[in-house]
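Contents: one structure, followed by commentary.
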Amino acid sequence: MRLVTAVVKPHKWDEVREALETFGVTGMTVSEVSGYGRQKGHTEVYRGAEYDVALVPKIRLEIVVDDADADDVVGIIAKTAQTGLIGDGKVWVQPVESVLRVRTGERDEAAL
Amino acid sequence: MESTINSGDTAWVLTSAALVLLMTPGLALFYGGMVRSKSVLNMMMMSFGALALVSVLWVLYGYSIAFGDDVGLGLIGDPTQYLGLEGLMAEAEGASLPPMAFVGFQAVFAIITVALISGAIADRAKFGTWLVFAGLWATVVYFPVAHWVFDFSAGEHVGGWIANDLVAIDFAGGTAVHINAGAAGLALALVLGRRRGFGREPMRPHNLPLVMVGAGLLWFGWFGFNAGSALAANNLAAVTWVNTLVATAAAVLGWLATERVRDGHATSLGAASGVVAGLVAITPACSSLSPIGSVALGLVAGALCALAVGLKYRFGYDDSLDVVGVHLVGGLVGTVGIGFLATASAPAGVSGLFYGGGADQLWRQALGAFAVLTVSFVATYLIGTVLQRTVGFRVEEEDELGGIDLSAHAEQAYDLHSAAGGPAGPALEPAIQVTAHKAVAGVGARERSHQEERTSA
Amino acid sequence: MESTINSGDTAWVLTSAALVLLMTPGLALFYGGMVRSKSVLNMMMMSFGALALVSVLWVLYGYSIAFGDDVGLGLIGDPTQYLGLEGLMAEAEGASLPPMAFVGFQAVFAIITVALISGAIADRAKFGTWLVFAGLWATVVYFPVAHWVFDFSAGEHVGGWIANDLVAIDFAGGTAVHINAGAAGLALALVLGRRRGFGREPMRPHNLPLVMVGAGLLWFGWFGFNAGSALAANNLAAVTWVNTLVATAAAVLGWLATERVRDGHATSLGAASGVVAGLVAITPACSSLSPIGSVALGLVAGALCALAVGLKYRFGYDDSLDVVGVHLVGGLVGTVGIGFLATASAPAGVSGLFYGGGADQLWRQALGAFAVLTVSFVATYLIGTVLQRTVGFRVEEEDELGGIDLSAHAEQAYDLHSAAGGPAGPALEPAIQVTAHKAVAGVGARERSHQEERTSA
Amino acid sequence: MESTINSGDTAWVLTSAALVLLMTPGLALFYGGMVRSKSVLNMMMMSFGALALVSVLWVLYGYSIAFGDDVGLGLIGDPTQYLGLEGLMAEAEGASLPPMAFVGFQAVFAIITVALISGAIADRAKFGTWLVFAGLWATVVYFPVAHWVFDFSAGEHVGGWIANDLVAIDFAGGTAVHINAGAAGLALALVLGRRRGFGREPMRPHNLPLVMVGAGLLWFGWFGFNAGSALAANNLAAVTWVNTLVATAAAVLGWLATERVRDGHATSLGAASGVVAGLVAITPACSSLSPIGSVALGLVAGALCALAVGLKYRFGYDDSLDVVGVHLVGGLVGTVGIGFLATASAPAGVSGLFYGGGADQLWRQALGAFAVLTVSFVATYLIGTVLQRTVGFRVEEEDELGGIDLSAHAEQAYDLHSAAGGPAGPALEPAIQVTAHKAVAGVGARERSHQEERTSA
Amino acid sequence: MRLVTAVVKPHKWDEVREALETFGVTGMTVSEVSGYGRQKGHTEVYRGAEYDVALVPKIRLEIVVDDADADDVVGIIAKTAQTGLIGDGKVWVQPVESVLRVRTGERDEAAL
Amino acid sequence: MRLVTAVVKPHKWDEVREALETFGVTGMTVSEVSGYGRQKGHTEVYRGAEYDVALVPKIRLEIVVDDADADDVVGIIAKTAQTGLIGDGKVWVQPVESVLRVRTGERDEAAL
């Protein structure tokens, strides 16, 4: 199995989720993160002092998938999360040795 | 000249004026809690901005337009009569109230009426244009309409047509304040169009306790609004006080019951909205109803407004915080309701249809309501359209999506994390860096809060 | 009939009534900030619900039970005497206050007493049952007890036994409001049982600034509560005003000092609680103590209540927000404290034990306190038990764990993230979808907020 | 003796006193929202602590120092004259106000002046030392200065030098309250030094809606502060009421315009700060200006304060929440501005430089302002330094970094997660465990909230 | 070494932590996440419009462990986090190449 | 490529970021987490009852890097995040199979 981790723009998350659902991904774990990269944050002004906020909000998805599906999942995310503007995010894939569904104790492919 | 000032009446009117002033910050919280966390500051700033601007206009010419001698047909007061209010700093011969007490009390009515409108255009109005609109609208719509409704003829002084010619009952502003603001809200919502995602994304209130604080302060301040409109600490004030309490209470019950039946749950947003709906409805009517009549009016207003806030989804106008559903509908229920529920045993001494008074008062009420509604809607639509076509009223799409607080005010409402915060709240705070202190240097205006650079590498 | 209304007194009573009205939203914040974020809305709704319901009952028959002519033994007023309050819209012959000013002022006392009880049963009461309880308790307990304590005989009018026969001093409601609500809170906490995790999980206040706002509004409103109870803007009102300030200040010091010694830290929750403890204690006593006596009473109340809030852990009842520790204990300290600290130089003109007055006043105070405590506890326990056995009072375990805001009101208090929020607050907002707009269609009641499906696949 | 109490005046003064009392919790919110989330409770506790302590000192000897018969040169009243206030519980012969109404009204002025100072030393003052400072400062600085400015000679009674000898106009406390607190804030900021990270990290307000609530409550309460200072419900009170409204409104416009030009954005923090700047400036001047003069004063105050808050970065003192920039500068603008803008047609009846009155009033204003500024700065610097060298005033570095709420009060402001919270807010709540219930056992003081153990394994 | 990532129900986290502590796990990193899966969220009602909230709150644990302990740790989590109801969560195991304790510079097994 | 995950003290994050930037790391993903370990939380007192808060706030960095840079990145974090006090945090390294830049579709090394 593979773990696909994707960091995307917040307003794209819903589209990504829908596309993955259509493809057949039944679950994922989502968190709110801050991205640091080429895309700069914004400037805030307080009483004449200016602050550069370096971080931009992102959504991070973790999806454990069958080895066979990994490429498709990456492809789907790449397509739906793209706006063409800086800061669209990254997707990376890592090996997973085993997975377990807590409710049933099922393992690996059966656990997805 | 010996002073004829009644200290008790003066104390009550000054207290009431302070209470009504508090309603505008209260409204800012009520509205602010209802929007998403990315636009709460802008929402509050629309109220505070109106407060600041309208106060100054009131001094300059606003009071004169509203309460100056009528310059014809009961439509408008003489705008130059009290310019700057210099002449009102001394007591008036034989008056029981200092002139400035009345000036202050009426000022806060003008302020909140303008602020009310902002709820219809949450998340998407340019702040500068809003201020321009606020000034124009106060001048062209509110000041004259206040003249119609609140300026009673007395002695040599000739007032407005609704108060004196039509003789519709509007004790504290069901027409001049609520129908007026509600109709303007509808017009402006149409001019600015729907928010991105309207009807698709939920746009839930981001802070319901803030909404509840706001509702509580509004209720508190509204006693000044209604009972203060007696302009004396007398029996009339006491009756309107109690009616204001019980109609509002009944409206909360009415709204919650409607929700319970329709949706299965009574919500806190519903309770807060019911408070406002009840207060709106009893505003014109508090002098002419009995407590039982007030309960009836409140129940009806609560239920009808609870139903009315859904209309925007059906008709597709984005009256974001339900200015139409609550203020226009509630104002109509109250103003027209007088025609049905007024009882001669109440201080106003008029009987409505249900109390054997026939339809006489009813048509006066309906006509007054209709006149204000129409004028306000048309004038607002025109003002709004002109502003939208010239300086622009609606913000850029990216600013709306990224949050108007950031784009319009370069601020964010909350930063709830601290470098060594709680178990669940650590922080990224140091990631923010102070790059320059321009405070004193003052390098002039800049527009740098771009969320995204437009280059695709 | 010429009006004998005193405008200054009327202004003060109407102002005071508005101040007391504000206390209920203030209490909603005070309580709401203290619970966990999953039940703040329900906590606030218990206050707003009581506000709405009791107001309406007050108009219908509540005022009559409390202030109607006694129907026997000083226990209860004639419930039909002022039905609907129609007859109180006109001034009374020779009276200096409009009848409705008194009606309104007393209404808000009834409201807040009921709301106070809710603190004892945070996080776990069915909202519908709470409303039923609020109505029953007001009718069966509060209205009669208000008759006992607040209804003074005058002319033909015969009032209640504590005020007129026992002649215990309870200026603004130490017995009728605080001991009454405190004893009821204890009874209800026993009936509903402990929250899941009580004494094991911390259940920390989720928003202490909100608690502080609430405490501030309560203190502000309490000047109406106490000084307004003079029912006139006179010397008595001024003395009670100052005593209300200084006793409360001293109670804050007493509470913080106790915490500092016992725990090593003076907390903001302690300061807010000290405010309320001091206000409760001075409520019955503010007319009969000197400022120095008030300071002494405040210090004792602050310290004792700070110790008393720990009792629930020792005895194992879950008085969630310390209605017992603050209102029952504080109410007893104040009511009985009069017997010790009353000074003849204060407006009430009575000397307590420490001022050479012997034990005469002391036993009257103790008996009055005991009577209200007992009756309230027993009656509340009965009402609570009957409701629990019939319609059910406590929510389901899963609803309690998942959060009563969601299960009872289908809402969550906060949504502090925004689609393009701050550096630390991005958002999952779009994950929420609007599936249907039932507003107008109105498909009737439904119960769909299951957190978990009960099927194990 | 027949009562000569004027009920209307009494009602207004008691109402005003309650309004001013509310300003201190309002200030707590205003300040509390501006600090980072790790020190909001401490910030609020400084206000509540001052409220509690100064109230008690006022009863003991504070009122006597301020309003006792002068013991020489107009510098200080007899501290023993009204010890405990026992003698003020009865009406005074021929007086229209109950003595206690004045006592209470002036008490809340003392309280808020002390509380104002705390904004200069946010995030880093030991709470115990703050309380000691508050007591000393009230005694040594505020009570005497209040005597100078507010104690008018009458009959046998001899008052303070600024009011009676210099005859500077300070209607409601531009010198005694704002310049006084502002100069003290500057001194204390210097004594305590800069926060870690000052000028490098942003230290943004953690909760701007809270700041706005605070600003709203301050504005509301300030009507009591200014218009209540008429000590009667009369024409003077009404004029000051209106001036308080419009100067503040103009200051908001002035501040926002300054920000817009300088930074490109008008911020909500700016609006809230503009509210306070305007209120501060109009405080001394509200009886001597026309409404148009008030607008002018407000515009200037808003713009100047908006510029002044940047000075701390230039000069390197960490006046954390801009007590200097807003209260000292605003107080100077208002106090000295009278010398220019006073108009004889206003109630005070004095003409300033711009109204043909020459420089006579101007130098009196300047001298009064200068005297208070100097005395306050020097005395505060001394008191602060002594405390810092003896008991210590500044907290340990690690406590400052870790958050003073936790180290000083063992609390955190927010816990916004709930075990089954929202889509984006699950929770780690159960990870917190109740280890012991020391409430009743009471094992004495302990200091265990170390954030980090000092052993490196 | 292995990285064990577990997504569990919030109210189970305390129990899981205690069991792991008893077993000898001395540290872990915990975060609040949102889960998307078979377990559906809830419905909220606002002014007559109904919203389906698709996500449910979960707690995510990251525990770096010795290779030898990985199975035991997974087993403990599986047992203590189980309620048998939908949404009990997932546990997955991944390879870790090296670990470092920042305070001391200790590496790998010594760093745990 | 490698994924370097670091858990550090919040007030060190800025320093770490600067050092990494100087070294040439152009992006990372940051999140707020709670740490459980040797470092104990704090004690809060409410109304005479004492609560031990077991968790301490931490910042978690995820940085995908070239294989060649992994050791250097770990070294830089180790140096800048160190205070010598308990709770300085952990850094661990894991294999990554592929990376994608959403904006351009670039893969692997080119995507960093």
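Chains here go by letter, A, B, C, D, E and F, matching the order in which they are written, and residues are numbered from 1 within each.
The working rule: contacts are C-beta pairs under 8 Å (C-beta built on N, C-alpha and C of every residue); 3 or more make two chains touch, one makes a residue touch a chain.
Worth saying up front: this structure is predicted, and the values here are computed from it rather than measured.
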Touching subunit B and also subunit F, the following chains: A, C, D, E
Selected interface, E-F versus B-E, where C-beta contact pairs are more numerous: E-F
Numbering shared by both copies at the subunit F-subunit A contact, with half separating same from different: different
Chain centre separation in whole Å, for subunit E relative to subunit C (CA means): 44
Subunit C and subunit D: spacing of chain centres that average the CA atoms, whole Å: 31
Whole-Å gap separating subunit A and subunit D, where each centre is the average of the chain's CA atoms: 50
Junction residues of subunit A, two or more chains touched: 11, 17, 30-34, 36, 38, 44-51, 53-56, 58, 84-87, 94-95, 103
Sequence positions of subunit B contacting 2 or more other chains: 6-9, 11-12, 15, 202, 204-205, 207, 213, 217, 233, 262-265, 267, 269, 307, 309-310, 313, 401, 406, 410-412, 414-417, 419-425, 427-434, 437-440, 442, 448-449, 451, 456-457
Residue ranges of subunit B in contact with subunit C within the complex: 6-9, 11-12, 15, 19, 36-39, 199-202, 204-209, 212-213, 215-217, 219-220, 223-224, 227, 232-235, 237-239, 241-242, 245-246, 248-250, 252-253, 256, 260-269, 271-272, 274-275, 290-292, 295, 307, 309-311, 313-314, 345-347, 401-403, 406, 412, 414-417, 427-429, 431-432, 451
Residues on subunit D engaged by subunit C in the complex (per definition of touch): 3, 5-12, 14-15, 17-18, 21-22, 24-26, 28-29, 32-33, 40-41, 44-45, 48-49, 51-56, 58-59, 84-86, 89-91, 97-101, 103-104, 107-108, 127, 207, 210, 213, 217, 233, 405, 408-425, 429-430, 432-434, 437-440, 442-449
In the complex with subunit C, residue positions of subunit F that touch it: 32, 44-51
Contact footprint of subunit D on subunit F as seen in their complex: 11, 34, 36, 38-40, 42-56, 84-87
In the complex, subunit D residues that touch subunit F: 401, 406, 410-412, 428, 431-440, 442, 448-457
